[in-house]
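Pasting the structures in now, so scroll down.
Look for subunit A in each of the two complexes below; its partner is subunit B in the first and subunit C in the second.
After this line comes the complex of A and B, so read on.
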């Protein structure tokens, strides 16, 4: 049997219970998955000066800004609720939290419209152009 | 390759940060079934990519990953190591149906699409025919014949190229309205974008849009479409269209069964990682489909390496 047979279901019932959580995109890889005291040691030390956010994280200066999800789009954090034990087994994910904007951080460099995340937010519009129905 | 210290393998606790079109979660009460991620044959590479069927299979969506090296998330009071940002956006199912129609078209016969859209390796492909748009849009790429209540189709190269041309034109008009750099600005060696000051030419827009649409068609069609748009093939690397640049990220496609190579492809310099079965199930499906975003929008990724 083909491994491409398996599907992963999105449990829509979870959407109504999903809370909106603040979300930060950090310019480093953290070798950890799980709880952390983000608001105590990170969020509470963020400084907001003239729309530029700054924070010190592990002794490094981060500069960041908030970006909104494109109109008509919502941020979802999908979490595995059923982990397939093999390639052939179906999986399921639930919506564990949502977001409408995210804060991204650069290492030392001030945020600009050239930042990858900002440019990536243009993708949905392009996708609409490439995939929207054409007229006869 | 990175000389960093060896990293610990990711844990089992996997989730995905996604920006999704609202129609996936705002489904009418009458809808049956829940959205499902499936693996289907990528029309450009021929290998597996990840897609999503909306409730009741009425719509198809594409899953693309924005990947920058060395990134992680804070989500509320948790850390998530996997720093990918996934986009789920609408997808025209006709792009995925076309390879099947073209394959059958070699026989030159009119056939029922149900007979044509079959794939041992990707059994989910038959669900494409349930998408509301699919049957309604077949006439864009195929001649139709009706016998009684039955419909038969035969792919038409001419119609297909006209349809793709319309796609390119739509894309050009969106590019013009956005401030995405398509021309001179992105070619500079520093990769610093020059926005409106430097006027991109009509050809710049056309080539860029052709590159974007080419992401969804075979190499042969890509070339034919270029001719149809009356654009000569470029050989000078200075004027590389996006399609060519993306070659870089398409390179590791043949390593498709090696899941550990997933994140080391593209421009990223990540050492191969061990992935959990859960991560593999979503991650392995994408070899090209989910990683091209950074190639389009983030010419600076190379700076990211340490």
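After this line comes the complex of A and C, so read on.
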């Protein structure tokens, strides 16, 4: 990848047309890249018992939690609109949807503050403390 | 039989019970345990107990209860009505174990197999009867796994109660036949009236028997297979029939606790082989660290990366 001189352009103009869609972050790898019947099979079976979200996927029990994007940040789902045919050619992606929170699912145990994705949301604040301008 | 409480949330297990007859709280009682729907790949498994005073055994026999497997659905329904009419001295309770509970238990990280699930359901029901004040003296049960081991487990768990574990108990002891009828009627109702949480439109209810060998069941499983999600929760994902169909007709899904070949999984996760450390070159350093140093643990733990290309 280090020899790759191509540039990938994010078509930011597409942000305004992008819709806000719910995001589910699953603790497994699904060998599929494309549309899926999420609302028919998944969202409709989510149970909220005493503030604990549960669902199952492929027969395995998941526990979930809503995770908000850091304040001032928007999550973007990018879609490739131009696939470069060689590593010299430039590529382009557009914003297909946006999100401000996601449902983070863990296998059998409830998500906690020890989970990577939950912890990652604290980085912008920390980055600001380290790199931001110093005020008197 | 009112399955309302189960139908209100058919993703979990549910206990249903008749009123406890007063005489069962004063007189010595016998109790039978049986199950329905252990083998099918579809729908819940139901555990049932039925109990009555030891002195009323002949009156129970007069109700002509028999092993539910030898009866037609209509006969079972009418026998259940008979049992219900005998509520002055016969009580029952059921544990409806949802197919989702079966799938998620059997596929748990710490595997919870069907025998353990069955034993626990049976024990839970006997404890429920005791907690409700039933004067239990005798328990009869059909075997699940080795009879002796099960008998020891139950005897130890319930000291002072005479436990009889016997193959074919459902045809030998009327109180077990009665339990088998309650369980089977509940299982039939649950399957017939299954409310799919999934938004599948009008669902074809020609499930067949639900047994893996039934061609009707097999073709239903193929018709309702989704390449990503697999099946609705009505299906027991832990059954090999379901797994085999998914393996050949759905996209592969990998979990971090999968027992797969180490090399294959490493290749899939783009891990470097141990040998590569002997001929490491600078170009192997990750493209996102211009200096070639590995990112700090703070970032790898949070799966944070700089991205310069996709």
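Operating definition for what follows: the second predicted complex is superposed on the first by the 127 of 136 C-alpha atoms of A that agree within 3 Å, B and C clash if a C-alpha of one lies under 4 Å from a C-alpha of the other, contacts with A are read in each partner's own complex, and residues count from 1 in each chain.
Note that in this section contacts are C-beta pairs under 8 Å (C-beta built on N, C-alpha and C of every residue); 3 or more make two chains touch, one makes a residue touch a chain.
It should be emphasised that the depicted structure is a prediction, and the values quoted were computed from it without experimental measurement.
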{"item": "Subunit B versus subunit C as contact partner of A:45, first or second or both or neither", "value": "second"}
{"item": "Partner chain in contact with A:63 - subunit B first, subunit C second, else both or neither", "value": "neither"}
{"item": "Touched partner set for A:73, first subunit B, second subunit C, both or neither", "value": "first"}
{"item": "Subunit B versus subunit C as contact partner of A:108, first or second or both or neither", "value": "second"}
{"item": "Partner chain in contact with A:12 - subunit B first, subunit C second, else both or neither", "value": "first"}
{"item": "Contacts of A:85 with subunit B and subunit C, given as first, second, both or neither", "value": "first"}
{"item": "Touched partner set for A:131, first subunit B, second subunit C, both or neither", "value": "first"}
{"item": "First, second, both or neither for A:37, with subunit B first and subunit C second", "value": "both"}
{"item": "If touched residues of subunit A are counted for subunit B and for subunit C, the larger one", "value": "B"}
{"item": "Common ground on subunit A, meaning residues reached by subunit C in one complex and by subunit B in the other", "value": "2, 4, 6, 8, 27-32, 36-37, 39, 42, 78, 80, 91, 93, 116-117, 119-120, 123"}
{"item": "In the complex, subunit C residues that touch subunit A", "value": "9, 11, 100, 103-104, 106-109, 197-200, 226-230, 232-233, 236-238, 242, 246, 251-257, 268, 283, 285, 287, 301-304, 309-310"}
{"item": "Complex contact set, residues of subunit A against subunit B", "value": "2, 4-12, 15, 21-39, 42, 69-70, 72-80, 83-87, 91, 93, 95-97, 113-114, 116-117, 119-120, 122-136"}
{"item": "For the subunit B and subunit A complex, residues of the former touching the latter", "value": "7-8, 10-22, 24-25, 27, 34-40, 48, 52, 55, 62, 64, 66, 68, 70-83, 85, 87, 89-92, 95, 120-124, 133, 137, 139-140, 163, 166-167, 170-171, 173-175, 178-180, 192-193, 212-213, 216, 276-278, 280-282, 285, 293-294, 296-298, 300-301"}
{"item": "Of all residues in subunit A, those that touch subunit C in their complex", "value": "1-4, 6, 8, 27-32, 36-37, 39-42, 44-45, 47, 54, 56-61, 78, 80, 91, 93, 107-108, 116-117, 119-120, 123"}
